[in-house]
Amino acid sequence: MTFDIIVNVALKDAILDPAGQSTAKVLRNMGYPVQDVRIGKQIKLQVTAESLNDAKEKARQMAEKLLANPVMETYDIVVRES
Amino acid sequence: MTYQDVGLTEEEYRVIQQQLGREPNELELGLFGVLWSEHCSYKSSKNLLSWLPHEGPAVVQGPGENAGIVALNDHVHVAFKVESHNHPSYVEPVQGAATGVGGILRDIVAMGARPIALADSLRFGTDDKAKWIQNGVVEGVGAYGNAIGIPTVTGEVAYGAVYDKNPLVNVMAIGLLSPEHQVSASGAKVGSYLVLLGQPTGRDGIHGASLLASQDFGDATEHMRPTVQVGDPFMGKMLMEATLNAIQTDKLDAVQDLGAAGLTSSVAELAYRSGVGAHIWLERVPCREEGMTPYEIMLSETQERMLLVVSPENWPVVEEIIQHWEVPYSIIGEVSADQELVISLNGEIVAAVPPQILAGSCPRRPAISKWAQTAREQAPQLTAFRPLTFEREWALEVLGSPNCRSRHRIYERYDSMILTNTVWGPTHDLAVLRVRGSEEGLAVAVSGPGRYAARDAYSGGLAAVSRVMGLLATQGAMALGLTDGINAGNPDKEHVFLDLTHLIAGIADASQGFGVPVTGGNVSLHNETEGEPIWPTAIIGAVGRHLHPLHPTNDAPWKAGLNIIRLSA
Amino acid sequence: MKVGVITFPGSNCDTDTFEALSQLGVDAVPLWYTDTSLSGIDRLILPGGFSYGDYLRSGALAAQAPIMDAVEQAISEQDLPVLGICNGFQILCERGLLPGALRPNASGEFRCTWEYVRVNAVPESFPGLKPGDVLRLPIAHHEGAYAVEPGQLAPLFENQQVFLQYSDEHGAVHALTNPNGAVANIAAVSQGPVVGLMPHPERAMAAYLGSADGARFLKAWLGEDRA
Amino acid sequence: MTFDIIVNVALKDAILDPAGQSTAKVLRNMGYPVQDVRIGKQIKLQVTAESLNDAKEKARQMAEKLLANPVMETYDIVVRES
């Protein structure tokens, strides 16, 4: 079976996000009253797995081992049958 | 589909009918549309370019191949050329500039040369969007050059409101090769395989560079803009290594990169230059997307692709090299004796056109020599040197102009040192590079004073050449050859074509006067939006032989009390 | 002595590194990222470049390369001295062989400039350098802002793992000498026999290229320059 | 009122995603049977607005004008009161 996986990767709160900061500044200059801007990644992929649980476990491993860097980032996962 | 839909004129269509002896089918018409576009055929400029001097003691390869080649000495040859990516950089500055760098590097690689340096010449407008475009273009040039590992060692930038909607992104690349391993696009032999190497083909830029660069755009044509081509410097690096390593084996017949008009242009030109025919099996072309039509496959401008021609007995050795570099590849056809470019899909022939018609028969716009003569006679003469009265405000205005600002915010975003040949980099007016294994090194300069050409295009051409020659002279470097990047508006307008004529006449006269050959270049026309053309802008790149590259001649010191001496004829 | 240099797909400072080693008269052994053995190698360099195009995060994809298993093993079992330069530093951090991570420069832009770095604490594999030494080396990176998890900075200093800090030419370390937003101006760190730095010593091998301090640095690592 | 906004930015389907391609290749080498990998951005921000509708409109405008590049990217928006 094929599953659609979304892995959202975000910077930990304590880590500075200069790109987010400069985006916030530009948005404010454009007249939008934004407070905080944080820029993360959204990774979409398809994986072959035996069951929903298997797909979830694979997604978790891929996120841990590669897609997110545990020193700086957190992640959450959404899994759906294709 | 009609001939107008693919951008052909009635006269051109008649020539096609007459030469083919029949009506072209839709696919064939599409092939003619791109190959006979201004961008691919140089139909408006070829006759003018024939005025440029092409011969010199150092010339190994003049215009006509993927890049010109000059000899630094007996064992080191230098391939170099300038290329523009103006229109794509306006649509998507980062990717437009990045793919421009990728494209010119593949031209150098296709000559068997290992790229060692890049130089970029940029023109931007003065409005707010121009700042955004500049930021993206600089990002893009850096993103590709830095990642593939070729230093950007010098460059220049200038500003003018005429470039608001038509920024110029011209990039020159320089590579080194040893005389034994030169290849070209003209050696394809009957029976050899056509091997397509690199990124699988997608719907990128269908009708892209060619359409984009051969028409004037306004808001009404916005929807015609093709899918943006994305540069992949990582694939570019693997492709470069695979190709160069394959060339080193001396087992390739020919190499041709895929640029504007993709497979169509590269196969047609290769076959035409080699005097052979070719069969292409479309079902063998690896595609990135489902259900691509023959038209889309033939015209796709997916980046990071290269065409190799290899005989069946040499193929195993070459295949092993390609596999080592993990570059996708496929044998997509073979060279034939029949002087036809035959394209088939699953055994069914979908197009068949002789390459010499496709690549060699586009009617050219006649050059008007009389115009050049008038330009010579009427060029403004420097009759007297009139000292200026110094006005504080003027000086401040000049100093405050973006044209005078420090360029460090640009060149610090480029890796200028990788490969460790950069003795003089972007903090100087020209670059000085050492060449491993040679006493002699290279002096590299680019310049393109568009503002002069706006007043007098002929003088602008003279000035562009004089300026780079002057820069080389400050190092006592002997010019080996020039490359010219010519940028102008719509040549169908008489005043634009007049300017173009004057500009090229100026370049030709100056090169002749200095005794330096022009070994290749690039012409980008239709740089106009809503009827507003750019200044005719010639970017000249020069490569010179530096006799003591490890010890460049110092810049003149600025110290109170020193005399300034003007030399003049 | 044999120094291995690993080429990952997309490495582009490998040839400069070979060149630098040959200038120093050292035997360099080219290694490919799929190799699984490091036998006969006395020291190892992970050179700079854009392995896998720097996609996802710089160094992240190369950190999963087959040869990295052998590297990890040789470090833990034989104390193999390993030097990661620029992308090599990023790979070692991504693999967890060095503490911390390298984030995009604070400017969000690539930066290629000459910088000064000051030796803060000398790693075991650099007997030839002493605290307070100042070197002039070039940087060229997009993701060179060294970062650590909250609370990890003090232990790094306490454990003498902070090797180089961006400084001025006299060795003063302050905000104005920070080219990329690295925490505490950190340009290099060490962990046991493993060292990573963002600057490029292999590009500073002769005065006419801007500095010969890279030669001094590499000699110190090779153990030849016990000044 | 303050609203939390998430803007997910993805490359259009026809646009090449070299980063996704390389990530897919490495995941496969690591033994995960993935097909396609596409890497987009997830931007989180807070905005002051008068109503949910106002916040949605502001988010749309910010996405159009700055956060997504309409030439190459598509986006979707999630808005929630903070």
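Letters A, B, C and D mark the chains as written, and numbering starts fresh at 1 in each.
Note that a residue touches a chain if its C-beta (ideal position, glycine included) is under 8 Å from a C-beta of that chain, and two chains touch if they have at least 3 such contacts.
Here the structure is a predicted model, which is why all the values come from computation and not from measurement.
Between subunit A and subunit B, the least number of touching-chain steps is 2.
One finds 29 Å separating the Cα centroids of subunit A and subunit C.
Separating the centre of subunit A from that of subunit D, both taken as means of CA atoms, is a distance of 10 Å.
With centres defined as mean CA coordinates, subunit D is found 35 Å away from subunit B. Among the residues of subunit C, those touching two or more other chains are numbered 52-53, 55-56, 61, 64. In subunit D, the residues that touch at least two other chains are 18, 22-23, 26, 30, 39. The set of subunit B residues that touch two or more partner chains comprises 232, 234-235. Every pair of chains in contact is given here: A-C, A-D, B-C, B-D, C-D. If you check the complex, the residues on subunit A that touch subunit D are 2, 8-10, 20, 23-24, 26-27, 30, 32-49, 58, 61-62, 65-67. Subunit B contributes residues 91-92, 95, 199, 202-204, 225, 227-230, 232, 234-235, 288-289, 302-303 to its touches with subunit D in the complex. Taken in their complex, subunit C has these residues touching subunit A: 56-57, 60-61, 64, 93-94, 100-101, 103-108, 145, 147-150, 181. The residues of subunit B lying in touch with subunit C in their complex are 139, 142-143, 146-149, 232-235, 237-238, 325-326, 411-420, 422-423, 434, 550-551. The touching residues of subunit A, when paired with subunit C in their complex, are 12, 14-16, 18-19, 22, 65-67, 69, 71-72.
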